[in-house]
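There are two complexes below, and they share subunit A, which is joined by subunit B in the first and by subunit C in the second.
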Partner chain A sequence: MNSLYMPKDSLIHSLDPRTKMIFVAFVVASSFIMNDPALQLLLLVALFPLVVIAKLVKPYLISIQFLLLFAVLIMTVHGIYNPIGVTPVFEIFGGLTFKYESMVYASVMSFRILVIGTGAVLFVMTTHPSDMASALVKWKVPHSFAFILLSTFQIIPIIAREAKIVMEAQQARCLDVKGNIIQRVKNLVPMFAPLFIITFMKVHQLSYVLECRAFSRKGNKTSLRETNIGSLDYSFLLGMLAVLVFEIYLKLFMMGSLQLTTDALLTYSLIGTWVVCGFMLIKFLFKRVQGKVGGVN
Partner chain B sequence: MMKKNSSFIVAMIPAGIALNWVANSIVEMLKLPLFLNNIGTVLNAIVLGPLWGAATALMTNVILALIVRWTYLPFALVGIFVAFLAYFFYKKGWFKKAWKVMTAGAVTGILASAVATVISVYAFGGFSGHTVDVLTAGLIASGQEIFNAAFVANIPGTVADKLLTFYIVWMILKIFPVRFLPNAKDIREKIGIAPKNSGGKKKTA
Partner chain C sequence: MAEQAIEVTNLTFEYPDTEEPVLKDISFSIDYGEILGIIGPTGAGKSTLAMCVNGLVPQVINGEMEGDIKVKGMNVHESNVAAMSEHVGFVFQEPENQLSQMTIEEEIAFGMGNLGVPREEMLGRIKDALSQVSLEGFEERSPLALSGGQQQRLAIAAVLAMRPTIMIMDEPTSMLDPKGKNEVYDVLKNLKAYGMTGIIIDHEVERIAAYCDKVLVLDGGEVQMFGTTEEVFTKIDRLHELTLHAPQVTEFLSQYNQQFDGKLDLATTVKKAVEVYESANK
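Coming up: the complex of A and B.
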């Protein structure tokens, strides 16, 4: 199982993983500092050039789809039904009104999900898991923790393969997978028991191998992939610091006079998410129909 | 025990995470409306101890956040909570009879869904990213408060899920070959197999 890592040759990929971790923390922090829909939308738009620089536009859009679904659900349901809303903004059919306060609340929440999602996707897609682990070790995180993180990526496909073998073997022994629901619940035990035992056997093997390679020995461990912080990282960090200071300044001194959030912005962002979501739905249905038609032919 | 088995623990936590992950595909194949995504956590909490169970839960959600999407990360708290509760019930001797295990699972399910609801309300407005969200939205639309709606929508699934998780782990630990478990004697005592009977079995196994 690979993580979402996409090997590409770009500026963001060549950054040190530690810089990118700080970047994720920076994105999370700024999404909480700027709890205003307009500013968060601005942040989201400002993060997009980084995605372009990392040459990840298409995978980014695919992975952000689900978060967008979240946003649509939150904005629609909260915009109409959240009790904190008072001032009606606009009405759709059936007498349901979107209220200003609840729309602000919902948009802050859903834009925050999107902003953090963008930052996380940028980090995950540009960082090799080994680099992540070695960066954690450099940050004095215990070596075993980094190893757990890394080995999970390798052990998941092994266990998944074993699970498939167990399932097929039990089906070959007439395990009924199409019975009534109680029968199927009972079938969980014959499925999981061999899997647990296989897992323990694998774990014992793995721990012997680890001991053979002197895993629990004290001392520094070297890593195959080396990462180091260069001038690019320093300039990136400096840029982040500048933006953070600017955000805090904006928050502390300008908030009273600055009123970017308007009814129109909220309405348009809501309709925008609807349109994008509808587009996704049409694409999904189209693919389904295409698959069906293709299957017939 | 910790020092002696440190490489076993280091190998067991990824396996627990993998079990959490793989349980989903087994459940999918049997077409059951469950997740069972705490099965490795509960197993590790019982076999290795509560802290390692909690570590398994945390790492599971970190991995999910890295591989699938970041919205899984806050729900790590639920897993940690389940790990501690599982160890608590195990230590208090609730893993001896079937009905006690089921009760423990149901109680854990109720408490876990309360925690999950609090997280989902504060972080994601009451939604959690599963198909239950449709039910939550429907309940909110029918005039429920957001917290109540999310809680009511969550509770049946979570309770059934945790109940079965506990039951399966208990059933399997009962029939487990002793030589694989690091603290087999303690576990056999706690899950209601008299050590006298197991003495004979041990030699043959």
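Coming up: the complex of A and C.
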């Protein structure tokens, strides 16, 4: 596996990368326009069908778990300690109270992370990096910039492999890479110094190779991969525009009369993230224990 | 003299951080369709010389250079590496450092794309290049998911697709096992069939003797010997002085002559040696 790209046969995959880049921008914009927890939750739910269409439910859920961890942290810490809160909502042990204003603030922030994360995951997992590069070139982004972006995807597996080699080499020199946490952190230095140097040298050599492949040649360049904006892209773009207009309308004229954010919603979403996180934790611990038990046998 | 494929005259080169020149007053030329083998001990300056031919030295890798290099009648100084790459392909030693794309097909298309080859033509050329290095059917794979020998052949294919007239390979097989080496040399043989001019640097004199038309021996930055494969490899004493050796069969015939006072001609390939030996024993 070279990148996060998941080759699948879906409508989202066949969209032009440029459309999808606009889509990411649209999601970011939406998450800022709708700065209300309930609306953001709505946005998040609305994005989910797209994940289903892209046939990425499982990888999406796996990658979103990590963002959820952030969400829980933000919601809990801000909910209790953020000084903007005045109205208490509910109390947990030890006199720690969640306050309405700070919970709104925290929810907006963490839902925004989830919404933008979903958009980004949708983009990255459905777009071949080379397509993205050639689409960028069509947008008159300099060729070398597109290449940098592309080779970043490519260099990750190379670094990973070098890291393994360096680790094995250092282990052979009696470096303890499997010790306790402190020991391991200390050992990062003898790991990363050679890794950095090796990567640097590789990139250096690659620059000669690129030069020999006419990379800096002036004149127009061509690409093997073709990306075209078709009717599907136009309908998708129109759809986004419509939603955007609706969001702005909602924001400007309806906010006064519409009050979706209630104490209950905030509390439930907080507890909801706790539950999901707790579940993840249990799963993780379970695997750990299982690994240990399995290791003994 | 008619225009030569590569013409080097009085080339002297010095890296910024070396005390004395790495290349000293080097002159040689090769004609179209010839394959030149460069041999010499490590540090002799072989790679540096090869990189001078396509302009990588001194344009990208800095240093002080004197003398003239003409490739297909063009002065390399007056051009740049990217422009030269249309005429001169360069294959490096490490296979994986030469690969930068996500799939094999794109790897091969990369150089062509930079040259502005239209997409329709690319597809044909990719097919050609892959069949030249016998990697057909691998188009969609990642270059990283290949063995070393396959990666090196891919690097060669990527250069071939740019359709250069001259191909330079700097120790293309030193990272490979015997099978990988054979694979690369078979490609080299094909190049000859395509009428391409080539320079190959290698330590294996047997293979150089079998595949090259001319040999250049470099030591201490100076041309010690230059001539046809026969000329160079039959001067065994001179090679030994330079701590190099001739192909095993040549060494054998020479030893035989010495020990048994034989008068065998020195041959450089197994096939020729058998003929020589056979006719002498009649």
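Rule of thumb we're sticking to: the second predicted complex is superposed on the first by the 246 of 297 C-alpha atoms of A that agree within 3 Å, B and C clash if a C-alpha of one lies under 4 Å from a C-alpha of the other, contacts with A are read in each partner's own complex, and residues count from 1 in each chain.
In this text, contacts are C-beta pairs under 8 Å (C-beta built on N, C-alpha and C of every residue); 3 or more make two chains touch, one makes a residue touch a chain.
Predicted, not measured: the structure shown is a model, and the values here were computed from it.
**Q** Would you sort A:Phe215 into first (subunit B), second (subunit C), both or neither based on which partner it touches?
**A** both
**Q** So in the superposed three-chain picture, is A:Lys202 touching just subunit B, just subunit C, both, or none of them (first/second/both/neither)?
**A** A:Lys202: touches subunit B and subunit C.
**Q** So, does A:Phe32 touch the first partner subunit B, the second partner subunit C, both, or neither?
**A** Neither partner.
**Q** Looking at A:Ser151 after the superposition, I want to know if it touches subunit B, subunit C, both of them or none. Which is it: first, second, both, neither?
**A** both
**Q** With both complexes superposed on chain A, which partner does A:Ser223 reach: first (subunit B), second (subunit C), both or neither?
**A** second
**Q** By residue count, is subunit A touched more by subunit B or by subunit C?
**A** B
**Q** With the two complexes superposed on chain A, say which partner A:Tyr234 touches: subunit B (first), subunit C (second), both, or neither.
**A** neither
**Q** Where does A:Ile181 make contact in the superposed view: on subunit B (first), on subunit C (second), on both, or on neither?
**A** It touches subunit B, and subunit C stays clear.
**Q** Of the partners subunit B and subunit C, which touch A:Ser130 in the superposed model: first, second, both, neither?
**A** The answer is second: A:Ser130 touches subunit C but not subunit B.
**Q** Examine A:Trp139 and indicate which partner it touches, taking first as subunit B and second as subunit C; both and neither are also allowed.
**A** In the superposition, A:Trp139 touches no partner, neither subunit B nor subunit C.
**Q** Go through subunit A and flag every residue that touches subunit B in one model and subunit C in the other.
**A** 3, 129, 151, 153, 158, 202, 206-207, 210-211, 215-216
**Q** Which of the residues in subunit B end up touching subunit A in this complex?
**A** Touching subunit A: residues 5-8, 10-15, 17-19, 21-23, 25-27, 29-32, 36, 39, 43, 55, 59, 62-63, 65-67, 69-71, 124-127, 129, 133, 137, 140-141, 145-146, 164, 168, 171-172, 175-177, 180-181 of subunit B.
**Q** Using the touch definition up top, name the residues of subunit A that touch subunit B in the complex.
**A** So the residues of subunit A touching subunit B come out as 1, 3-4, 63, 66-67, 70, 73-74, 77-78, 80-83, 106, 109-110, 113, 116-117, 120, 124, 129, 144, 147-149, 151-153, 155-156, 158-160, 163-164, 167, 177, 181, 184-185, 187-189, 191-193, 195-197, 199-204, 206-207, 210-211, 215-216.
**Q** What residues on subunit A touch subunit C, complex-wise?
**A** 2-3, 128-130, 150-151, 153-154, 157-158, 161, 202, 205-226
**Q** Using the touch definition up top, name the residues of subunit C that touch subunit A in the complex.
**A** Spelled out, the residues of subunit C in touch with subunit A are 54, 56, 60-61, 80-83, 85-86, 89-90, 92, 94, 96-98, 100-103, 105-106, 109-119, 122-123, 126, 142, 144, 158-159, 162.
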